[in-house]
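Order as written gives the chain letters A, B, C, D and E; numbering starts at 1 within each chain.
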Amino acid sequence: MILVTVLILLPWCAALWLSAQKQAGQRLAMTIALIELLLTLILRFAPDSMGTLGHGLHIPYLGGLWTLHAGPLGSTLALLCALLIPVSLAFAWRLPEFRSLASAVLVMAGALFGIFYAQNVLMFYIFYEILALAGAFLILRSGHKNRAAALQFLLYTFVGSLLFLVALVVVYVLHGQQTGVYNFSILQLADTRISAGLGIWLFLGMVAGLAVKMPLFPLHSWAASGYGHAAPAGSVFLSGAAVTAGAYGLIHFAIPMLPQAALEFAPVGIILGAIGTLYGAFLALNAANLRLFAAWASVSHMNLVALGLFALQSQAIHGSVFLLIAHGVVSAGLFGVVSVMENRGLTGEWAGLGGLFRRAPRLGAWMLFFFLAGMGLPGLANFPGEFLSLAGAFRVLPWAAALATLGILAGVVYFLRAYERIMLGPLNHTLPETLKDLQQGEWLLFWVLGLLTLWLGLDPQVILSHLGILLSTHSAELIQGGGHGV
Amino acid sequence: MMILLILLLLLIILMSGAALLVVNDPMHGAVNLGISLLALSILFLLLGAPFVAALEVMLYVGAILVLFLFAIMLLRSPLKVREEARWRRGFWWPAVLVVLLTVVLILLFGQRPDLQVTIQEIGPASVGRALFGPYLWLTEAVALLLFAIIAAVLAIHRRDAHDT
Amino acid sequence: MAYNPTLLPLLIVASAALIAFLADALTLGRFMPWLGGASSIAAGASIFVEHMALGADLYWDLSASLLGIYLSLAVAAGLFFIAFHPITRKMTGSLVGLLLTLLVGSLILVSAQSLLLLFIGLELQVLPFFALLAWPGSGRAALESAFKYALLAGLASAQFAIGVALIYLGDGSLAVIPPMGDMTANVFGMMGVLALLVALSFEIAAAPFHAWVADIYQGAPAPFLIFLGGVGKVAIMGALITLVAATPKLEIPVAIIAATSIVVGNVLAYRAGHLRRMLGYSAIAHAGYFLAALAAGPLGIIAAAIYALVYGLMNVGTFMGLSALPENSIAIPWSALRERQPVLAGLLGLTLLALAGMPPSIGFFAKLLVIIADVHDQAYWLAILLALGSAFSFAYYLSALWKPAVLSNPERLLRRRSWETFAALGIVILLFAWLLMPYGLS
Amino acid sequence: MNEWLFLVPGFPLLGALLNAILGEHFAPRQIGRMAATMPFLSTLVVFAIWMTHGSAPNLHDQVWTWMAVGHFQASIAFHVDQVTLVMISIAAFVGFLIHLFSQQYLKGDYGERRYYFYLNLFVGGMLILTMADNLLLLYLGWETVGLCSYALVAHWYRKQENAWAGRKAFVVTRIGDTALALAIFILFAEYHTLNYSPLFAAVAASPDHLALLIAGILILIGAVAKSAQFPLHIWLPDSMAGPSTVSALIHAATMVTAGVYLCIRLYPIFAAVPGMLWVIGLSGAFTAFYAATCGIAQVDIKRVLAYSTISQLGYMFLGVGIGAPSLGLFHLLVHGCFKALLFMGAGVVIIIYKENHDIRQMGGLKKQQPFLRWTFLAGIFALAAVPVISASFYSKDAIIAASFIVPGGKLLWVLALLGAVFTAIYAFRLYFLVFEGPEKPGEPYQMGWGMKIPLGVLAVASIGIGWLQFPPGWPGPKLWLPWLAPELGMPPAPAGGVNIFLQVAGSVATLIGIAIAYKAAQWEREGRGLSRIAFLFNAWFFDRVFLRIFPPIWYALARVLDRFLEQAGFQLLLLGGLKDGFGLGSRVLESGEDGLLSRYASGMILGLVVLLFIAWGYLL
Amino acid sequence: MTLELTLVIAALLFVVGVALILLRRNLIFLLLGIELLFNAAMVIALAGGARWHSATGQVLVVFMMALSGAALALTLALLLRVKHELGGDSVDDLRLLREEVDE
């Protein structure tokens, strides 16, 4: 219980301290990040840590606000986010605006841990909003200081999340009227009887709020400008860790609250996910520069996660969660490569690149490695997730899953075309003379991410076997029974 | 006979109101207001409130109207009597609004309960008893307010205050 | 009506006001803010003591006493705050006197049960502002804003008077809850109540009657806006609560006004460039949220009371922050403010976030309560409108946080040690006051 | 023996891993030698398996569970039976020979370390593909092999067209991979399992024709793309841009045969659907004929061999299609040997003529390189299926003969026979142009023992290996078919008179081809050769048509989606619209209050009037 | 006698007052308009007093008179300063505070 509270509040105090100081404080930020990693490791693998950790802050009408519950899914995602903090800070080590980026990332990290260990839906909502706000500051402060992009990100997430709030309150009030107990904890709200018609509207509200964060197809256009204008090191955390909040919210809160409506929404969700995957692939092909390319690649993968998640089928949902974690690591690698190139003064425009492999073979090798992972090459992180999601979704809606499978082909086209434009072919004369290859620090960072990707690719059971029954017991029979078999 | 008198008063107020709307010089406006106020005090007498009728003449016509005249006198720059435009620039749109207002008042007027009443004289004594009986604290509050207004007006017009 | 304990708070404050007025003559003006502050705290304490007492026309029920205590504490805080502001160097006595009359009016408004008392409370509360807004030492813009406010407030009080008269004509008694049934039983009562509603919604700047608010916020000197936004508006909201509680049939017009003001407020604020005008327009939106709570039945009344209180707190915090800035500042010079007044900058940032409804602050929980009340009353469309409104409010509030205005000469920023303590207290309240809220409910 | 199975793919993967980690600290020479020892070790293990379980191999090694969610059980498990044993021996042995050959072939070239890394990874991937016991592991091997072919074809990345050729290879094979993935989904959705034996049992138990038909077609598309069969063959001629050793290994012996191996492995699925086998046979026969016609008009030495590979693979598919997978496998084995030999020989020829691939500028090399000439000639004999002495006479002619007696096989037989004629033409045309005729001296080049041993071994193999299985009615050992019978069943064998007629027809076709080839070589030297036929030279213009249709559509769709849907749709309408909507709204409302006092008052009165109307209408 | 006529007079006063405020250009007329509104209120109050035979009507009138006078006094004081400092006494001169629409 205290462990989680420290886990959440420590980064916030650190962020406060950082913003108050004058000098950059890299060392402080990195130590905090490593402490966080240690804490999440303990929480994930400590023998007795599973289950409800403690009740706190019990408020009459709102229920126990600070009840913390370390579920298998929540603590695994927390581990992923804790890993991404030091990675993103390491990539941003020499950025001039390190201080604001680090404080934004730390605030987001605290909010994320709050989300993963929350048992009370209102507490989840509060951390979700703080995450969105910190994300907007990250986009604004770190990259090109572009206010329009930050504002667009803000509008998308806040309109969505407030609709989620209204839907949540309706469920809360209905539950209160039915059972007389006014409480926001998910255990209580899970079994409210809601009429089908109203249920669909509520679920749409919740999907609007949560699916905007993992950019589901129609609500995705903040991602391009958001990732495009934030510093790539910031986008490492934004696209790696922050998007998991939306998916986690759907699995842990939205679906258990409205299982029947979730079942009816499944076909629509799969179709949107399929369209989104292809749409992201095509736009990545046509991206104007490297940042947008990585952004659209991330959007395409996250839509595949959405496809698996909405299929509500045991393989699909395990696959989508695994792809979520794999995407976190792989997109960290992708954006890491982008940030390393930008540290070396390359603008990321296609004209300024070409034949880079000759000057920086190590960078070229690692870029190919992460591009292959992005393509879903078997043996690397994305493949198990993609394959399980598609196989599961295929059993629910075959033609839509077939459409999404084209994404495998589209993936090769845009990744290899980009790789060829950057690395292969004759050496581009405009490249700066002093182009150094990967230094010791960056090389080590890529090795860590690379080994993790390889390990996840070859032995996915390390995560899949620990996920347990993803859909909470209540909604599981309803879905499994009414749904699409194991 | 009473009806005739009230109709006459209605006519006078209508006349002075119309004049007020049309007249150009603010001095004439103030005079017209005075006429309608006097007609009103007669109406108050008819309604059986002699104290208020007297008050109307003394307080309203005497004090407030005189206040207006002072203000106009202070505002009027004696040099030129320029022919300034009577109506505001955007005239038509609010005019339509006023007509609408009258229409809705007439519509509502249609649904009134019957108002047949026998007038009883309520002299100043009972009003005085009421003022300092049940409404004592109210009068004290108004007293405080008036005192505050005096302080406020003084504050606004301090001579050396114009240093901004 | 003979003396009874419910009148005690009014008497304390009224006597302090009179003393303050005299003090100017005896050149004791400098101590008046402290006296004023002490007397309002005493008034607040007395309200707390005879909590839930029913006077002849004053009834300190739950919401009235809650708001009453808040009002007196806010005025006390305001007085202690402006004691150091340069604008109060001249005629502090009469200034404090006017502010205390304002407090008397507000306390009457919050707890009045008789229409005439309500009318006088309104006048007591509105008239001092005519002078305060144009206080010597404030610019020409302040004068224009004062005159506009004076004229429009005059029109509003005239309508209020007609309303009172009509209701009296209708059912013969001046009580807000007349003995035989509802005020709106007959046509005159209905017209009268609507006139009252129009006058009061003008005062809190709800939609169709909102036009004046932007000019006043732009022109008026910041210290007095603490009182206009923090105290005046909250009192009027208290009066509206008693009015709507007494006449359930008013919920449809209130809902309509709420919807229009949320839409109008957000649309205007989204485009407003000038910081103070943006705050003005957003005040319209907040009036809309308050009315949305009011239109939601019995639970709505409690939610409205809490929302009024929270809104007042946020306004006090914002304008305390703004009064440190020079008069005509278009945007907040964050960097300069941070060096000279770090905690005050923190308070200003936090209040902007609270006004927008950022979760950990009480702004969010007040809005949450309003949404719960609306949903409870099946008014889903109002809840969704409120949600969308506050989502867009983030856009313009945060753009105020982001606009990097550079101050030509940082010295013009006022620096006061004591303001830091006010700011710290404000931050603590804003962040943790929501813990108390549910206990207030139960 | 079971638990040692993982070593077979393990050694090359270990080699690749060592190369990746420690590569920078060693000289390319040592990396090369380390890389070569790895396939040698796995060949030893394979040899050990031959020794111990040669007669009826049925080994199984479960290493670790890869994925296990509900019914979706896929584990890293290797299974060796007759077919797999043949495939892994080719992959391991030929792989080792190629490693040995490239020690000298690529000495001093840039990116040598990268070359050996991908070569080791390729051999490992190929071994995993063939030894996998479930579809998912096969898919892993399938894609790793695709990746290595991309990287090795684009080995000399400094020239733009080489990089593009690599990408083209990977994209086209990836089309096949997507089809294969879809087939796996269908099979999993229908039969809830990915392992072979339970899958075949379930298919046999309840054959659902529609699903199996679609799955079959999709698997065929996958095999066609990987083995460069007719519609999806365009990538093979272009991938000659890579080094010859790569072509020898990948585009001759191992990767391209993966498609055939897939069809052989999933034979029960095809058999369950009536008419499916005939479709495979037709695609094989037509490709054989089509590629052979293109082969005769090529001028680049490696492109001739590329089209010859496509056509020979066509014969293997024909073999599977007519219900004789064991014959197909036999031809695969034979082809693996002589095609690798030819490619390596071609590589040496190219070095001698200083990177000039045009066979018209070559000639009379037999005097300068006698050893190369004899080994190359052995390969050409095998390619053209010269009766009795060449190995492919026993395998290819057996397939052509078997196709005659299969119901509906007449058309296939005619195509195959014509293909055989054209094969003989281009084979010997190539030989005559390069080695016979007036001498055009090239660079003197001394082949070390590292190059001579592979060429010699493969030359002997391409002659001798045919004797494993004599045609019916001939005296001599018939070992191959009975050995494979328990797993793949006996192929249809023509009887008595028909048999003799077919064998004679095959041999006559080859001899006619050789005669025409002699004339064609002379025409070619005089400049009036077959290469002037543009239709054949550009492989029936298929490549150009394909490239003008699909990529432009794909990029245009991307541009359209980006400009109209993203910029116009989301940015402009949704967000821009929102902003303007707000702007418009606020301007309208603002005009209502341009600071004018009475405008405010009228706002109030308007509010009052509206409320009174509502009161009059509803509330009373 | 019936009170209809009195109410008609009150309605007339109300409409004229509103018309004055909305239409006239000179500020003095606006103030006159407000006075008319207050008088209308007084008439209605007295009609009520007459109808219910109680002195409350007259008490209402007394208070209204006091308050309207107070409000008028303050507004006129402000008007004088406006005339002195902003230079105009008509409605259109009050344009200092407005949304610079073209910013």
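General remarks:
FYI, a residue touches a chain if its C-beta (ideal position, glycine included) is under 8 Å from a C-beta of that chain, and two chains touch if they have at least 3 such contacts.
Note that this is a predicted model, so its numbers are computed, not measured.
Looking at chain A and chain C, the chains in contact with each of them are D. Of the two chain pairs shown, B-D and C-D, the one joined by more C-beta contacts is C-D. The greatest centre-to-centre distance from chain D, using averaged C-alpha positions, is reached by B.
Think of the whole protein's Cα atoms as having one middle point; the chain whose own Cα middle lies nearest to it is A. Between the CA-based centres of chain A and chain D the separation comes to 37 Å, rounded to the whole angstrom.
The centroid of the Cα atoms in chain A and the matching centroid in chain E are 63 Å apart.
For the pair chain A and chain B, the distance between mean C-alpha positions equals 70 Å. Distance between chain centres (mean CA atoms), chain B to chain C: 31 Å. Across the assembly, chain B contributes residues 88, 94, 97-98, 101, 105, 108, 111-112, 135, 138, 142, 145, 149, 152-153, 156, 162 that each touch 2 or more other chains. Residue positions of chain C with contacts to 2 or more other chains are 116, 120, 123, 127, 130-131, 134, 140, 148, 151, 155, 159, 187, 191, 214-215, 272.
Residues of chain A in contact with two or more other chains: 155. By the definition given earlier, chain contacts exist for A-C, A-D, B-C, B-D, B-E, C-D, C-E, D-E. Only residues 148, 151-152, 155-156, 159, 184, 187, 190-191, 194-195, 197-198, 201-202, 207-212, 214-215, 249, 252-253, 256-257, 264, 267-268, 270-272 of chain C touch chain D when the two sit together in their complex.
In the complex of the two chains, the chain C residues touching chain B come out as 1, 7, 10, 14, 17-18, 21, 24, 56, 90-91, 94-95, 97-98, 101, 104, 108, 116-117, 120, 123-124, 127-128, 130-131, 134-140, 186-188, 191.
For chain C in complex with chain E, the touching residues are 116, 119-120, 123, 127, 130-131, 134, 140-141, 143-148, 150-151, 153-155, 157-159, 161-162, 164-166, 168-170, 172, 174, 214-215, 218-219, 272-274, 277.
Of all residues in chain B, those touching chain E in their complex are 2-3, 6-7, 9-10, 13-14, 17-18, 20-21, 26, 29-30, 33, 36-37, 40, 43-44, 47-49, 51-52, 55-56, 59-60, 63-64, 67-68, 71-72, 74-75, 84-89, 91, 94-95, 97-98, 101-102, 105, 109, 112, 114-117, 119-120, 122, 126-127, 129-131, 135, 138, 142, 145-146, 149, 152-153, 156-157, 162.
Taken together, the chain E residues at the contact with chain C in this complex read 14, 17, 21, 27, 30-31, 34, 37-38, 40-42, 44-45, 47-49, 51-52, 54, 56-57, 59-60, 63-64, 67-68, 70-72, 74-75, 78-79, 81-82, 85-86, 94, 96-100, 103.
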